[in-house]
Amino acid sequence: MKRGDYVVKRVVFALITIFVAITLNFFLFRVLPGSAVTNIARVPHASPQLIHSLEREFGLDKPKWEQYLLYLDNLAHGNLGISFADQQPVSQHIRQDLANTIPMLSLGTVVAILMGLVSGVVAAWRRGGLGDYASSGVALFLYSFPTQWLGLMLLIFFAGLLPAGGMSNPFAFNQTYVQHLEDLLRHMILPSLTVALTLYGGYTLIVRSAMLETLGEDYVLTARAKGLSNWAVIRRHALRNAMLPTVTLIALGLGSIVGGFILVEVVFSWPGIGQAAYEAVVQRDYPMLQAVFLVLTISVVLFNLLADLLYLKLDPRVSE
Amino acid sequence: MKADPAAFRSAAGVSDEPLVEARGLVVTYPLRRGLVGALRRRPRRSVRAVDGVDIFVGRGEMVALVGESGCGKTTTGQALLRLVDPQAGTIHFMGEDVTHLGGRDLRRLRRRMQMIYQDPYESLDPRFTVQATVEEPLRIHRAARDRRDLQQQVTNALERAGLVPASMYLHRRPHELSGGQRQRVAIAASLVLRPDLLVADEPVSMLDVSVRAGVLALLDDLRTGGDLGILMITHDLSTAAHFADRIAVMYLGRIVEEGAARDVVRDPQHPYTKALLSAVPPRDPRERRVIQALKGETPDPVNVPSGCRFHPRCPVARAACREVDPELRPAGTGLRHRAACILV
Amino acid sequence: MGTDSTIDSLNPMVAFQATAIWVHTNIYPYLLNYNKNAEIIPSFARSWKASDGGRTYTFHTVPNAEWSDGKPLTAKDAAWTINTLVKYKSGPTSYWEPQVLHITKADAPNDNTLVVHYNKPIATALSNILQFPILPEHVWGKLATGNGKELKTYPNTPQNGKPLVSGGPFMLTKYQKDQLAILQANPHWWGPKPHISGFGIQIFSNSDAMLSAFKNGQIDAIDDVPNTAVDTLKKAGFVVRTTPGNFFYDFIINSNPKKPEHRELLNVKLREAFEYAIDRQRIVNVALNGFGTIGATIVPATTGKWHDSNVKPLPFDLAKANGILDSLGFKRGSNGIRVADGHPMSYQVIVPNSRTDVLTPTFRVIQGDFRKIGISLQEKVLDPNGAFEAITAPNDKYLNFDLAMWDWIPGEDPDSILSVLLCNQYGSNSDTGYCSPAYDRLYREQAEAIDVDRRVQIVHEMQAMIAHDRPYIVLNYPDVIQAYTKNWTGFYDLPGEGIFDVYQSMLDVHTTS
Amino acid sequence: MTLLAIEQLNVWFDLDGGRQLHAVRGVDLSLDAGERVGLVGESGCGKSTTVLAVMGLLPPNASVSGRILLDGKDLLEQGERSMVPHRWRDVAMVFQGAMNALNPVRTVGDQIREPIELHGIATGERAQARVGELLELVGIPATAGARYPHEFSGGMRQRASIAMALACKPKVLLADEPTTALDVMVQAQILQLLMSLSDELGLTLLLVTHDLPVVAQTCGRAAVMYAGQIVESGPIDELFHDPRHPYTRLLFAATPDLVGTDEVVSIPGAPPPLDRPIQGCPFQPRCPAAFDRCLQEDPALRPVSAFHRAACHLNEVAAGMGRGVR
Amino acid sequence: MSDVLPLQDPGLATEDPGAARASRGGSIWKLLRERPSALLGGSILIIFIVIALLSGWIEPYSTNQQVGPVFGHPSARHWLGLDDSGYDMVSLLIEGTKVSLIVGFAATLVSMVIGGGIGMISGYFGGGTDTFLMRVTDYFLVIPDIPLMMVLAALFGSSLFNIILVIGIILWTGTARVIRSQVKSLRERVYVKRARSLGAGNWRLITRHILPQVAPLLVANTVLTVAVAIFDETALSFLGLGDPSKVTWGSIIEHAFERSAVSAGAWWALVPAGVCVAILTIGCYLLGQAIEDALNPRLKVAHLTTRGFKVRPLVGREKGAS
């Protein structure tokens, strides 16, 4: 029951946060400079009539609260508005952008987490030794480089070996499915690697310190006393406990991952949601920016929720 | 053993008016319902940490409040000092009803009752020197006329607490002191305002055996020397038996037995007291005590059993114990020795 | 091909970015086109003639033409396109409003004849008609109903794996936003067959990535090569072509006569001093890495006869600038900054962030030189809309801003660039706050001058006027730099435009072998 | 018959700045099979370190010398390597503070089962059955094995710890402060459990505690540690009634008895720091009976009766003068 | 009482079991001196600060004047070559150090004030205030920072002051959480309770007991935040939202990117600024982490190591040597 309570509580909290995000999102974009219609102001010969008709079209002539209700209503119907840039429904773009971002980002993140776990554990276990210095040193360096800079460096180093930008080779016709996949993967390597390397550094440091803390716990001594080998102590006792703070910290860091992949996508011309955000800022495509912002916030909330639920699975004490 | 005369004095009612007296004291802590509970309009439950306690401490008296962890003894002590607010009952301090005192009056009250904590490593601010720690109460209550007066009072307090010469200690910080010395500094900081009541919560349980007696003897001296009343909260019956005038035994938020230390230890009336005493290992290896094991674990203060709250674990419980919630009444041969059991 | 700009939309009612328009050039028929010398030449319209004193134009179009789906492509499509643009010009098709201005209607008496009616003669009739593509009525017709809103929201992308209905030499077969567009030869194309079976455009958000892809042979040509990379590309054995651009960077001085503060900026002498203090050549060297020419008039040399070569830039001469400022009585304050009307001559320069790659180095040069004449400048970078808003503030009154920098793409015909300085462009295209009745009058005259020589004369007069009044100090005309591999040739180009020239398709491109 | 013998055990810890702390200084202690021995001392006297040395669980900054003989075999011969095979199989341990000694994210049953399977005692169903047996042996229902440590009370956790220690049927059980932080009632139960287990299973028990009465009631023999050394050892009865070291006597005197009436004393001063050499008898600064020789010479642990040894110069004086330390 | 198992520093345990805990509040500098990583981190930070302070004197060339060709190669006169406007890279890097540090420290100050204040109030007063403030914090925590910065920078405009403000507004959440949990635990410390029971008011408790204890943590947090702030500035600059009139490491990277330094082969315009950011970040991390480690002695203990204890040959009983 208490665990059920925990789940309900986390879910409700996530929902509230999403609602707050939606509301704040609405008002944030209403206080941004300029009304929506100025966006097209530099299009040759925009007439005042046109401006008015656009205002009507976007409901900007109505009072704010009415706009807000309209906005909520639209959201409920999955309508995120129309992009200023190309007059297409934003939701459609977002869907496509997400579909492009998710595989690249997931590959990078999963690799980062796995690598981070291994090297973090090794560093903690070999604390003060060569393994520690090597692995936390490398991690610290990677953690310290600006993402965009690291991306550019990879671009220099791998120029020629790997595709420098885009998601696939546009000029490869009649590919089989496997060839297409291979092509996609080749394009994914550099951006994913940049994501992975920057995250890897942070994760290693997190895992290392969580692991060190765990290794100081008495049950680790107990486990050793029971005759478990070092590796077994780590695997069966330390790791799961070390995962607790790790999961929390990773979840808390999600917001900054988002920032990181925007930079990565810009560097590698990856047509994902990060680049969409960038383009939206450059073009002042407010409906698009608003939607990107909302989607990113909601996904961070959802991943935090996921982390909370994972926590429930990892830690039996959580309902206390 | 010098506990006897004092016990007699107290038991004989030498001090007419208690220094502090609580009646029908109830302290509850609300229990978090959780969101689901709240949504389902489940009643808000609470822990009755202290559930109808009558207790008093006379001037110059040391009363030991004993019991297992979680029985409510610390909460009782804190309630007496008005550090937690009681839900019901009254507290009289030197004849004045202080149950609902607030603001300035409460601050005034704070000067006159002080608390000593269990862990001297934790109860002193690690950044403060002994001087700063001991003068802090004086500064809070602006109780020193001038710099010299302040210094004088600090020195006096330290020396009363057995840290002689005071000047040797003034500029040290807690980590430069031994455990016993720290507890003495804490006591000095409590004494500096010349309080009437001291509540000492497990004052020696974190100290090494070899220095415990010194600290306890200090407390003992303090109250015999003046009008100070001390409530000592402890789980160690042997210590209570040796240093206190009176012992009150708590079980699950209630006092189940109370009387002169000697009477309670030598002639326990309540089955719980008997069991508790039987579990104390004697120091002499030749001595053997038959341990009266109790059934089950300490029950949850959220679900207090009906009738006598001890009955589910009581080795001599009867059917009536389920129904009757016994009150403290005179028992045994000692004066003012009381127990809450239908069998006495 | 690679580009580092984007295709914002493929819908001709929306598309704004050059790359998008270039795609249209390749897939849609146009009535007319420009040749190498910026002269109007036939395209879908084989011949044309004006009648009724310039109020009617009759075009004869290519017979038996087809759209890529095999449906007939006739003058009716052209007439429908024009009528639709006219019908919705204050709404969904407002984008094309300048091009269909004064057109009352278009008729297609038969499949090969198009008649366009004007309510008054205008000089730019043909160059306007040249701009927009002919759309297939059988696809677009159903959108032009009601308020026509769908004209704008129609994605106009290949659907269900079928190519977009195209009428140009190529047809659009695949499009992914922010990624790529694939065009293949249109089998139904009515003109000479292209040499290539198709091509693709890959979109990059990072020019380094694009260049890297180019160097590694993933793409064969790129437009808009960063001027810093020219040497490396040349060394690597690529064909790098630089052409004078139909494009200029300008230094803007608020010219609104009602401007309440810093009114000294309205003084033409001061503006002259400013121009003397701008080292145009060094700006070209630094900001354009040498790829560009210095300039003075808003109608670039690439437009041929319209350009007034008598308008010359003032030489860089700080002493002269200082002299003028001294003579105007702007004394230097203790910090070396001049004082005008009791306030230090310190101004903010608004710069759009879309052009900081060139304008920030430009600004740095100007800032350094202006400091030497006792003028302090601060750069204020804003996104393009924010910058435009800051210029027009408050409420399109142009009262607040002092200085700005931006660029214009004037087009082949001078009409549109001349129009931005009209009084009625407040809040619309004006980024200077300039308003002169004399200028407005000249503009109307040139617009109605059917006689080309007469029009050239007026246009030159207007250029001289602007060069004197200096709402803009034109800085330079940057080169257009494009690169392609040695395997390809046939990218002939118009002056002022590049390979991906909005007036030229990929029709003639072929391999060198 | 001696089962476990600690001979000349010394433990040093390397400290920052090149200092060294001599935590255990030549401890000799032997346990006969089935015997219960108490190791008593105040904080920092080296008793826990001694026990951890026997288990081979000292940290890397420790260095050890001496012998730890189990059935005559030296466990310390090759350092941790030679100890590992005997851990838990022959020598198991109950840690102080059972809350922290159990892994909070694994069920109690799981943790008991772990050494059973690891050391090949049983696997699968049979291991599970063994877990149930063990739990019931210590008075916990077998079904409770599926619960997590935080769902147990302090007493139950300590019982579970004991069950875990018994998993591989060890010969020797080391119990480090097994009842500290427990209520007196629970303490009594745990001590009773340990006694009955050692009686029934013939388990050799080394009980480490600071609480003299606990040893008095549980063990037949005890050793008193002070400043890293054993200062007195012998039958608990003799230690209480005829202590031959002032520290032992004072320690008993400082411990209040429930019904006793003698005054409770405190010992002035503090133990000597162990990171620098100690001149003379380590207890000498606090000793009420110290004399010249104590300043110079560290007394050796010498027999004072058949099974009773003490390290005090007074005993030699006393032997000469015919009276005891008291 | 029982032994405290002596590990890294058993001296504390034997002399006095409380010493380890008590020294938490002791001299940080003393502890720092004992940590080589803190020394390294601190030195890095100090070197950068010195460079920033001396920037006006040690910049070899002006940072607003062209001194050579666009992307001029490194040479004896220009050790790290020239940038896309022909400015001297070494001078730019020095100037960038100054401005980046200003951004880092000022933004951190903003985040400290907001985060420290909220964390303090939330942790100290608890209850509804705490719940409310933590909900707000949680919300800010889930907003992806860079998009929010992009929006805020677009909203405020990109002057250096605004950038500092925006970064400060983004970064305070972490501080608030750390400070809150620390204050919450301090509030439950016995000595704070004791002072409260003496009748000390909130102000006295906060200023005399809690703040001094939180201060070292706040310092550690500050040092870590500085790096993050500088990091965020580079991201903002890269996205074209930086202050164009100021030279920062971020703007150096951005300029190199905008003018395609990679393709032009001008690595010197790109690489050094990134390396500067990385070195400073490492310095801040090492120093901040060292302070945190010093404050959190739990990390001193590890029950699992690859090395075992050493065995010495049997010696005679040292006792009774005389």
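Every chain is named by a letter (A, B, C, D and E) in the order it is written, and numbering of its residues begins at 1.
Keep in mind that, in the parts below, a contact is a pair of C-beta atoms (placed from the backbone, for glycine too) under 8 Å apart; a residue touches a chain by one contact, two chains touch by 3 or more.
Since the model is a prediction, treat every value here as computed from it, not as a measurement.
Chains that touch both chain D and chain E: A, B. The chain with its Cα centroid farthest from the Cα centroid of chain D is C. Centroids built from CA atoms put chain C at 89 Å from chain B. With each centre defined as the average position of its C-alpha atoms, the distance from chain B to chain E rounds to 47 Å. Per-chain CA centroids place chain B at a distance of 33 Å from chain D.
Taking each chain's centre as the average of its CA atoms, chain C and chain D sit 90 Å apart. Looking at chain B, one finds that residues 178, 208 touch two or more other chains.
Counting only residues that touch two or more partner chains, chain E has 1, 17, 154, 240-241, 257, 262, 302-303, 305, 307.
The multi-chain contact residues of chain D, meaning those touching 2 or more other chains, are 42-43, 57, 210.
Note for the complex: chain A touches chain C at residues 33-34, 38-39, 41-50, 53, 57, 82, 85-88, 93, 96, 152, 155, 159-160, 163-171, 265-269, 271, 275-276, 278-279, 281-284. Contact residues on chain B toward chain D in their complex (touch as defined above): 1, 68-69, 178, 180, 208-217, 235-239, 241-242, 265-266, 275-286, 288, 291, 293-294, 297-298. Chain E contributes residues 1-11, 13-15, 17, 34, 302-303, 305, 307-315, 317-322 to its touches with chain D in the complex. Residues of chain E touching chain B in their complex: 1, 16-19, 21-26, 189-201, 204, 208-209, 212-213. Those residues of chain D whose C-beta lies close enough to touch chain A in the complex are 55, 57, 84, 87-89, 92-93, 95, 97, 100-106, 114-115, 118-119, 148, 150, 164.
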